[in-house]
Amino acid sequence: MSKTKINRRNFLKVLGLGGAGAALAGCDMPSYVTLEEGEEKIYSYLAPEEYVIPGVGVWYASTCLQCPAACGTHGRVREGRVLKLEGNPNTAVNAGKLCQMGQAALQAHFNPDRITEPLINGQPASWDDALALINEKATKNVAWMTGAISGHQRVLLDAHLAATGKGRHYAVETINARAWTDAGKAVLSDAMPTLHLDKAEAVLSLGADMLGTWISPVTFMGQYGQFRAAPRGVLMAVEPAMSLTGANADQWVAAKPGTEAAVALGVGHLLMTKHGLSLNSMPNATSAFQSMTPARVQDIAGVSEAALNKIADTLASRKPSLVVANASHAAARVAMALNIMLGNVGKTLTPGASIVADPLAPIMGSTKDLAEFAQNADAGKIDAVFITGANPAFIAPQGLNMAAALKAVGFKVALATCHDETTKVCDVVLPLSSALEDWGTHVPAYGGKPGVVHLQQPLMEPLHAETRGLGDILLTLGKSAGVDGLEAFEDYYGYLRTAVSAMIGSEQEGDWQRVLQAGQFEAPAQDHAFSTGSDVALGFSENADAGLHLVTVARQGLYDGRHANSSWLQEAPDQITKAVWDSWAEMHPKTAADFGLKDGDYVSLTTQGGAITTRIFTYKGVHPKAVCVPMGRGHTDYGRWASNGVNPLTIVDAHLGDWQSSEVLATATPVKISAVGENRHLVRLMDTDQQHGRKLVATISAQQFGRTQGGA
Amino acid sequence: MSDQKHLTQEQTKDIDENIAWASINADVLRSMENPRRGYWVAMAVSVCLFGIMIYAEVYQYMYGMGAALLNTSHMWDLYISTFVFWIGMSHSGTLLSAILHLVHADWRKPIYRFAEAMTTFSLMTAGIFPVIHLGRVWNFYWVMPYMTDRGLWPNFRSPLIWDAFAITAYLTSSVLFLYIGMIPDLAICRDNAKGWRKTLYSWLSLGWRGDDRQWRNFRFTYLMIACFLIPLAVSVHSIVSMDFAMSIMPGWHVTTFPPYFVAGALYSGCAAIITLFILLRYFFKFEHYMTFPILDKVCKLTFVIAMVWTYLNLVEFASVWYGHDIPSKEVLIAKATGPYSPFFWGMMTFGSVLPFSLLFKWVRRNMYVLFFASIFLNVGMWLERWMIVTPTLSLGYHPQAFNVMWPGWTEWAMVGGSFGWFGMLFLIFVKVFPCVSMYEVKEMVFHRKRTIYDDVDEMMTLHSGVPGPKAQTQNSGGA
Amino acid sequence: MSSLLGNIFKGWSDYSKGNEEGGHHNYEHMYAMVIDLDKCTGCNACSTACYAENNLATVGEEYFGARQAMHWMRIERYFDEPNLEKAGSEADADTQSHGASFLPMMCQHCNAAPCEPVCPVAATYHTPDGLNAQIYNRCIGSRYCANNCPFRVRYFNFYDHQETAWPAPMEQQLNPDISVRSKGVMEKCTFCIQRTRAASNTAKNEGRAIRDGEIQTACQQTCPTSAILFGDLLDETSAVHQAWKRHQVQLGRYTQNKENPELRGYRIFEELNVDTKVLYLERVREV
Amino acid sequence: MSIERNKRKPFPWVKTAVAAVVVGALIVLGAQVFERQLHPESAGIAPAARVPGAEFPTDTFKGKDVPQPINYSHKLHAGDLGINCLYCHTYARRSKVAGIPPTAKCMGCHTVVGTDKPEIEKLTQMWQSNQSPAWNKVNDVPDFVHFSHERHLQKFLFDNPEMDIKNAPDVCAMCHGDMNQVGVAKKMKPLTMGFCIRCHENNQGPSDCTRCHK
């Protein structure tokens, strides 16, 4: 593809505009007006490319970078423009499917608010100046802040860090599985065990939004499809506010924010006392289970005994089952213990595998890294930082005081595709090619075949001539930092191709083409092995505060806010409330009634960290003691579409260092609520939540489903 | 000559048979001359309203139908309801001029002319609305079946197409009816006019001389068109009602809609006639022709039709209420209790309760009361059309689409503008054409005289040689 | 001219004939859909895929609030379960104990579509593929069709959205196989007619019939749980035909008399006799 | 007096009727002309299409002269030299659009042929400066019309037993006129919907709207 670069680009640009411009004339005017005889321009190729025919779409394989899951994609390219993305059927991660964020990658690419040229202190500059400045300033104590990252970009990044001294790499993801992975490491000594939702008869989710945002949603949704086929599995969810997973649960249980662990312990208690299961290998756990009687669960978590019994009975009667948790470290550990007790280990919970080539292995980000970055920055341990794929100024909880931390860093470089809150405060901003214009390799952290590496290839020539790929920039930086072995490559494509050829053990063009077509290749992998559950401490610290708590959740769509600049995702109604284009606070009708509030009332939510004002939406999918504000909106500087709403993270104080809940999504912040007195209708897809007696969504009982085998 | 008692509320006779033919000409022709300030004010107001309408339409053309605040569930709103309203107005003229003509109710004669004009103009007003409510106005002519080499034809199954045919046919024939009925009067105008009017009337009166052959042809033609017009009028509003009745929406899919709409049409028409009757009588001093007894008859007619309409209304409600079509029932209940209920109850009050005031003689004989009464009757009828269109769309079948919508400014502008446009046309008409049929009033007077006096004369001359009133009137110089 | 008139008469007779038989009379295909509401997670992937594939304009908060949005595929969410008899304990629960109900709602491509007879210019009609087609360049925007649609799935271009929805360089993403609708035109889900056309052209060139699964609608292709099934009902072997048969649902009826009434297949507003071609499979919950 | 009256001529019903009919006919005809944009003067070139088994509309269109960056003469290449249409417009058989040949194809010959001609020098200069000539579109249909060259060539050329690839010019001529006769390309057929419809009727093409309008 790089062969006829100039020609292709020239061709693309003009014909792209020409074609689309023509399409825009649409069917507005009668035919004899829109006829463009002798007005429209046609540009031909200079040299023909056998696989490109005008008017015929060609599909290229690539990788989706909309979230850390790294699904494989197929992009439909016609006249050099990428028109549509589909899932890559060959990849095990998403098996030909995509979520809405993947679909919206197109808008991230064609976004009208892209950065088109390097900026120094906000002023347009040339690449040479920018790089010169970087080489001058970024010499010692260099840090990198990225999102989840893997593959050869990570290799180059580490090389650059190594060359610039003892800098550190902070991988930042607000939405992460840190609690789960830590617990896995602690209990089963496998951070990322493989889950078999499809094999499970019953699944209990403790605040793990598998279908929405957790680890690899498309993988789990694919399994969910089979999970729902006869014999039909039962999904149970325990969480303070309804997630997409909870919305699809057979039994949804509202727990007081931060108390999922207690519920899980209560379930374990019942399994032991009522169903005679035991967990001799883990005395600590056993004692913890015994101490958490249903009565205690009732007054800690506000979960009724009946509900608790139902969960326990279902888990005991339906085997194999699966318990997943992301609510807190405590909950995740209990979940692991439950899995062991229920004998799911080896059935629905099997050891994962990881790629042998460790430098390529994925780093899943966490908020912990963000916190440590803040601490180190305040301590003046960071002189220069390169930020890419992360927006710390937006996603940092207020408790971290990220603004000050960033100010403390002397020299900040942002590698970004769009302007955001972070690029605003950076000294140098380097325009990054979009994910659809760039080369790269990505190792799925979960769900792929063992050792699989997804290849990211450009689906289109860069829209803006001045942008450069992340790999290319890393390569340049590496060279100037004196990383040895890079001089040989004049661009990242060359580097990547050599590296991949080395991994697949073939230099031949044909093999390379095959990899390009498949969009993936398999590298040697090593399987993990479970240790028999090591007896970790299972504690639960009661939260004495009986008041309202703020819960910040993420919804598939705007995710942590990185997709707020996509008009498609802004206009795609939120799955639960069906609201669009603005923020809201979810409350239980009872709670709202106590405060004399009704739908659409503006309230101000005040924590010790600050206050935000937004509208409330009341429904029964929230625990009466919880106020739930989804994150993602409330950008101040993220393009034309992202300015709506509020950002709950600005008032969230992450309890850092507390091993029970060190991640923002699990944090329950005490909040005071007060009416502002204004009321405006929340813009939603539908004004009613009832079916008014119409047979729209008919629901039948599982027994009936069982009798007909679902009509299969 | 004739004493003023005839002009008071105690008047019993439809018309003073002693009125001189010359004075008839004089009065009517006078009404067509030198407009006073009031006329110009009225004209100015109408033109302004119409101007606003044009501005709104241009705006809507530029920015799209969204300017009218229509939405996915409310694809139609005031445009269509006002369209139905004006179509309804158009039926009065036909009623008075054609139907009453056939049944030889001669009291119609002094007032049918302006009613017929009203028919024509309200049709011209109604015709605007289906066009402006199109998303792509510039393609409106596609609904007409015309020969193109694309081999494309309109969809003859669509009630909107039937509308197009019905309205054009009705407009054409009512214009013809109005014009042909005017020919003898135009001749009179011609004989008394000078300047451009002379030329105009000379052309329009088609060389009318009033000889017997012309009268014969005239009578025949007039009768024929009258006969043709009546079924047409009925069919037109039935077809308009099918715009709704042919759909499957709850509250629209009603079998009784055609008669219901026709009744409503006649109803609003009569109410409008009362209004204009009073205005003309007041401003043009037509006390001799538009007399209280005639007004009285019109009022009674109105009351009867009002009762028919009310009956059909109740029939519809009952059929929905006792049926088990739940969505329709929801719509009915929503009408009575929902956000639109004030307008619904307003419609019921003005449309079904207010008419009972016409039972009182003092109301029928009091111009001022009657004027406002008639206005409110029409408001009620307009609300009725709105209450047919909007509540259904606000509910319908699918809960996701349930929503309440209030018309945007362009809609109100167009509704107001339509009255401006109508008023403009009517004001021009009354100054250019005789709004009272001179020759028919003369007939009326003549017949009345005959029927009253001729036999009396015979008696008197037979028994006592005293000359009877006929002789007196002849002496007092009549025709 | 003679051929023209001949065509008109022939067309008219076919038309009335088809009309009597409820829709188009000689179908080459009968594309239909099956949506499993128990697998649907309501994740919006299909809806967004539709925006990407069919050049749907985003309208912004104001117009969305005025209900002038155009989302051919919309995911409705309901909190009540009218058909599910609950256990006593849950009956009066004040939590949403069964989660929510999601309903993907798009044009149902009724065989007796109420929108078709009322269009004054026949811009919407039934194709030989059994699809309910909307010809944008013939539409004059009388909006009668949308009024008459029980599902409210026809969307009208109340404004020109081209400047706001696709600011440069976004217009480069527009799908050239679909015309971009301008103001005053009605639009709706087409079952991705452009994909059907592409497939049938390939099939014709290769001189074969269209294979089952060769045509995938955008929503079906992206649906992460594979809740959507699309295919040709006339093709006995197609998955869709099989599913309709399994669930004992037949076209052309306004009540189904199933041998086994417990089968999950049902059609929305079947009692209106619009004869929709989207079969929904009932949602399931543990009680 | 009365006698004169009776002598008066009766109203000319017949003449009126005739006039009405004439006016009506004029209106219909006018509508036709307006719709199909028939241009009275023809392009002067008789479309020479000999496609067995296919009957195609013969009306012509006088397209305006479209200036092109390079005065490429179809008459010379296709007519006199007899180069097959599909040699240059090679995408036509594989795609919706016929496409403009890549410059490389031109250079295939013109590195040796007629290198001294000014137009060729222009071309060479463009080729060396890596830019493709900006051709002006000649035959265009509205954007809501989706015409497929592939399908039509398939039907009339490749699936037609009596046709052979060398008859391509005849098939192309059905819609493009006889390009062998013109110099710089010109629109020579109306390419209106009526034009398409007539051809579809005569050749049993599909009459389903969605075949062309999507």
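Going in written order, the chains are labelled A, B, C and D, and every chain counts its residues from 1.
In this text, a contact is a pair of C-beta atoms (placed from the backbone, for glycine too) under 8 Å apart; a residue touches a chain by one contact, two chains touch by 3 or more.
If you're wondering where the values come from, they're calculated on a predicted model, not measured in any experiment.
Path length between subunit B and subunit C in the chain contact graph, taken as the least number of steps between touching chains: 1.
Counting contacting C-beta pairs between every two chains, the top pair is A-C.
Comparing chain C-alpha centroids with the centroid of the full set of protein C-alpha atoms picks out C as the closest. Look at where the CA atoms of subunit C average out and do the same for subunit D: the two points lie 37 Å apart.
Put simply, the C-alpha centre of subunit B and that of subunit D have 55 angstrom between them. Separation between the centroids of subunit A and subunit B, computed from CA atoms only, is 68 Å.
Distance between chain centres (mean CA atoms), subunit A to subunit D: 54 Å. Across the assembly, subunit D contributes residues 142-144, 192-193, 198, 201 that each touch 2 or more other chains. In subunit A, the residues that reach two or more other chains under the touch definition are 23, 26-27, 31, 685-686, 690-691, 693-694, 696.
Residue numbers of subunit B whose C-beta contacts span two or more other chains: 139, 149, 151, 397-400, 403. Taken as a graph of touching chains, this assembly is fully connected, with contact between every pair of chains. Across the interface of their complex, subunit A is touched by residues 37, 63-64, 66-67, 91, 94-97, 99-105, 127, 130-145, 187, 192-193 of subunit D.
Residues of subunit A that touch subunit B in their complex: 30, 685-688, 690-694, 696.
If you check the complex, the residues on subunit B that touch subunit A are 139, 326, 330, 397-400, 402-403. In the complex of the two chains, the subunit A residues touching subunit C come out as 16-17, 19-21, 23-24, 26-28, 31, 78-79, 81-87, 94, 96-100, 102-104, 106-107, 110-112, 211-212, 217-218, 221-222, 224-225, 228-229, 232, 234, 237, 242, 244, 246-254, 306-307, 314, 463, 556-557, 567-573, 575-576, 578, 580-582, 588-590, 619-621, 640, 644, 681, 683, 685-686, 689-691, 693-702, 704-705, 707-708, 710-712.
Residues 146-151, 209, 211, 213 of subunit B touch subunit D in their complex.
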